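Next come two complexes, and both contain chain A; in the first it sits with chain B, in the second with chain C.
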Partner chain A sequence: MPIDDLTQVSVQLHLTVLAILVLALDLVIPRRGTWGLLWNKLPAGVATAGLLLGLYPVALLWGIGPRTEFSGCLAINNFVLFFQGIFLVVGALVILLSIDFFRNLRQGYNEYFSLIVFLVLGMTVLAAANDLVVLVVAFELVSIPSYVLAAYLRRDPKSNEAGLKYFLYGAAASAMMLYGLTIVYGLGGTTNLLALGEKLEAHVIAGGGLLAPLALVLMGVGLGYKIAMAPFHAWAPDVYEGAPTPVTTLLSVGPKAAGFAIVARVLWQLGQPLLGGWPMLVAILATLTMFTGNLLALRQTNMKRMLAYSSIAHAGYMLIAVVVGPNTEWAAQSLVFYIGAYVLMNVGAFAVAILVERNAGNALIASYDGLARSAPLAAAAMGIFLLSLTGIPGTVGFVGKFLLFGAAINSQTWWWLALVGIINSVISLYYYMNVVRVMYFSKARHLERIRWSAGVAAVICVTLAGTLALGIAPMPLLSITAHASYLAAYF
Partner chain B sequence: MSQYLAVGLTHYLVVAALLFGMGLFAVITRNHAVAVLLGVELMLNAANINLMAFSRFRASAGMAALQGQAFALIVIALAACEAVVGLAIILVLYRNMATVNPDEADELKW
Partner chain C sequence: MAAEQWFANLSFYVVALVTLASALGVVLARQVIHAACLLLPTLAGIAALFALLGGHLLMAIQILVYVGAINVLIIFAVLLLHRQVDRQRRILAGTQHLFAGVTGAGAVTLALVVGALFSNLPQLVGGEQGRFGDDVVAGIGEMFLTKYLLAFELTGILLLVTMIGAIVLARKERDQ
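The block that comes next holds the complex of A and B.
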């Protein structure tokens, strides 16, 4: 193997070394005595800095052109690199949110950061997977750390239960996906995604059969579970509520974004030969996902559960771009733009939720009573994140939805998906604005004053700046995402 | 050898499909977390039989045939990893709640 190949996977190599380094630091530094402070701070700091440093190899690989490396196992193109950049930023933001949250953890404080880095590693491989074997391994590398992270508060029954539910749903879903992938391998005779596209075309011309659609549906179960698509969303509210809130933040953006990267790449390459009518099937599921998420969010009294249903609804919006995707570059661009926007506003909303939860001791929406008076800055930030999640002009969420629905209308066939999306945005306004009402117009005042932590404050500043700046002047992200949508031309 | 004794691709696929169905049935009906995990293992092994059968009968010579076998080996390793993490989570839950029945673990409800 030529040494040049190794530079092509420098992001993954960097993350592997980083995860092991964080684990080693935890072991080498004495926990007690004068070194205690270092033990407390260094691994988290190294993990954050290391994740952000990972953006450098991503930038180096950016724009060289689409190609496959390692005997065709990994696809490297701007679409994939954009996702990898997002995962690195998400990992760093989640670590900043976690430092204060897990401070009183008696065991496994630093292992937590190592697990986050392993999870980010899994996501960077999953987004780039161009081979069924790599896809399955990366899928498990994302899943297994997330099961552990969901159950990380060992003495909290809710967290245990979240871990168990996530594990049981996840193991069953990934086994079904694997069974589907073996059928795809059997039909195509190879595990390489690019080669499979051509081989499967030949199979369809030769007559096809029922096996191909069956394989697509089984794969859809596994991937649909990862992105919380209805009807495979049932785990999401329970897991989001029970898991420690920084982990919920990670699960709501990280594996979901990685899932979308691989859903888009698999469907755009293999969808047509496996089942000609897949866009209609996914369009129906997208509609179902949007309505399920938004209608069930209306009645929630727990902030984490409400955001769980909201994240299901957002998966529905993003599926619109997957449906329209293969025909236009516009749709590929709207998908990556929306995921970037969604990461900013959703991590921001969860950061405020973590702040309030740490002060109130619970995640009920009732704890937001009169927040505008006890913590005006936090309330204003939450308000802006919720407006952005609704899609109000002036926020990045609006630009994202504008691109998504625009792509659907532009395709002509799928104009009705834009209509469904707009109806759902109106429904979502009700439950998002309910939180604003509680914060600003409630007579009661649940919290007297708020104690901030540096990490949470930093994350809120970064995401708030991104949400507003890219909402008013979206050009920088637009031009980056325009380069990241080469995919449509490539395949 | 007479024709009806020959075991072909279809036989293996039918066995795998039956195994997968039994695993799925266990996952859906069992109310013991370990039994659900066993069902998942059955489903994974069904996938492995598929892989071995396809790599033996369908793939052209050389590289492609090996892909299926390597795939199966990797799936076996992944199944072990998943079982370890799953059993650890089940054990922690049992310590806290004295149950391994997913239906009885109902702290979280909408």
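The block that comes next holds the complex of A and C.
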């Protein structure tokens, strides 16, 4: 076992040790005496610091060149590393959001943070999986902590319902994906994604058959569920609404981004030999996803449900890049850029939602009545995040959508997807701006004053700064994502 | 040779039929205990399929883990659900014929497994045996520590996470 291999998985090793360390802290820290005040801050602090520290090994691996390690099981390239960096940041932000939210949790405090770190670990492997076996294990390593986290508020029936629904949907989707992968293995005779591409080409030349498209569709069910693509999105609103809000934040960005990394890599690698017309199929599903998300979001009265439908719609926008992907380099860049932008604005919007929910006791949009007067800063931040989600110039969301739709128009074949995306952005303007209307122009005033917490305030500051700064001067993120997409083509 | 080939095909179809029929039974059964019992021939049938393909180690693991441990555990869990014990007993008492059927199917499956084990059927249906030669166990063990090392280690982590999750969700709440 060459030591060289181990440095390639230093991020994963780091996260495994961190997760176990956070778990074990509970055993050594007494809850009474001088440590008593610290015991619930320390695991969160260690987990946040540890996750951000994980960016260092990612940075070390950055730019060396695309390669596969561990007998071809793990792909390491800038595309994958960019996603891994995103997961680490998402994990840290979600932990900061959780400290205040879970302060009344009776037990399972350390386990909560530990599960988040394990989930981040699963995502870093899923994004990099280059072997069907690793893909399946990583898929479950992302799924299982998600189910547990969604059901974490054990006394809340809605949280229990969310966990169970997520689990049942997830189990069925995993099974479907496994059927698909089994067929792919049967056709190609290898589990390696790179080698499969060539083996499947040979299969198609030899005459092919119906099995290959069937395999692609079955895999699409499993992966489509992870990114909440229509028609496999039905779990999202209930799970997002019932899960504890910091967990909802995590689910809406983390597994979705990991899902996109692997969807893009699998489709760009295996799509062509399995089903020549896959871009059209995905384009239709992207259109369906955008319209489903945006039209159903219009009538929501619960903030978490509205953001759930909004996240479905955003999966639709991002699918545009997957469709255009194999033809142009621009598409890969627009995908990674949009993921980065989406993380900033969506985590930000959820952070304000958590703040309001903690003060109002519910997640109804009606609770935002007159927020601009009781908490002008929070209302302004929420307004900017929602503008960014719509894609208004001056925010990072605009640059993201500009790149996505630009890539579609640039490809010429898929110009109509840009049109669909623009129509949908206009629809989304209605429900995003409805929240702004409630916050700024409502006569009623639901909350008298807002009690801030340090973690939530920190997250809002970071995401707000990112949303505005990268919206006005997107060059830093553009150059990073250009590197991430340049190497994506080679896997 | 032709007779052996014919027997190989026949055993595959019989095993497949038993497996599929009992799997359908698991889904369609109205009583949980029936579903749990029908899972037995389903899992045993899959073991028989492994045997027919020459995966003797997989067959043994399938029987030890799924038939021997997990399925028995499921049946215990169903029977031990407190308020249901009497009801389950009544259901079981009235369904000797079902058990006769299940046992019969199991016996056929088992006979096929044993038959497959002691014949050269696996070579006929084109099994995986050739890949590792005679030492399948050593071959699979080596794969775990070389080619699939990463997946193997990750599975360990996955089991740990699952255990943590199950404990967190299932343990009694402590009153402070």
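Everything below uses one rule, namely that the second predicted complex is superposed on the first by the 484 of 491 C-alpha atoms of A that agree within 3 Å, B and C clash if a C-alpha of one lies under 4 Å from a C-alpha of the other, contacts with A are read in each partner's own complex, and residues count from 1 in each chain.
Keep in mind that, in the parts below, contacts are C-beta pairs under 8 Å (C-beta built on N, C-alpha and C of every residue); 3 or more make two chains touch, one makes a residue touch a chain.
It should be emphasised that the depicted structure is a prediction, and the values quoted were computed from it without experimental measurement.
Of the two partner chains placed around the shared chain by superposition, chain C is the only one that A:F70 touches, whereas chain B remains out of contact. Contact with chain C, but none with chain B, is seen for A:L23 once the two complexes are overlaid on the shared chain. Once chain A of one complex is fitted onto chain A of the other, the partner contacts of A:M306 are absent, as it touches neither chain B nor chain C. Using the contact criterion defined above for the overlaid structures, shared-chain residue A:V11 touches neither chain B nor chain C, since it reaches no partner. In the superposed model, A:V137 makes contact with both chain B and chain C. Of the two partner chains placed by the overlay, only chain B lies in contact with A:G189; chain C stays clear of it. Of the two partner chains, chain C is the only one that A:F118 touches; chain B does not reach it. In the superposition on chain A, contact of A:R154 is made with both chain B and chain C.
Once the two complexes are overlaid on the shared chain, A:I339 sits clear of chain B and of chain C alike. Counting the residues of chain A touched by each of chain B and chain C gives the higher count for B. The interface of chain A with chain B overlaps its interface with chain C at residues 133, 137, 140, 144, 147-148, 151, 154-155, 163. Taken together, the chain A residues at the contact with chain C in this complex read 1, 9, 16, 23, 70-71, 73-74, 106-108, 111-112, 114-115, 118, 121, 125, 131, 133-134, 137-138, 140-141, 144-145, 147-148, 151-152, 154-155, 163.
Put simply, chain B touches chain A in their complex at residues 20, 23-24, 27, 33, 36-37, 39-40, 43-44, 46-47, 50-51, 53-54, 58-60, 64, 67-68, 70-71, 74-75, 78, 81-82, 85-86, 88-90, 92-93, 96-97, 102, 105-108, 110. If you check the complex, the residues on chain A that touch chain B are 132-133, 136-137, 140, 143-144, 147-148, 151, 154-158, 160-165, 167-168, 171-172, 174-176, 178-179, 181-183, 185-186, 189-191, 237-238, 241-242, 296, 300, 305. Those residues of chain C lying in contact with chain A across their complex are 146-151, 154-155, 157-158, 161-162, 164-165, 167-169, 171, 173-176.
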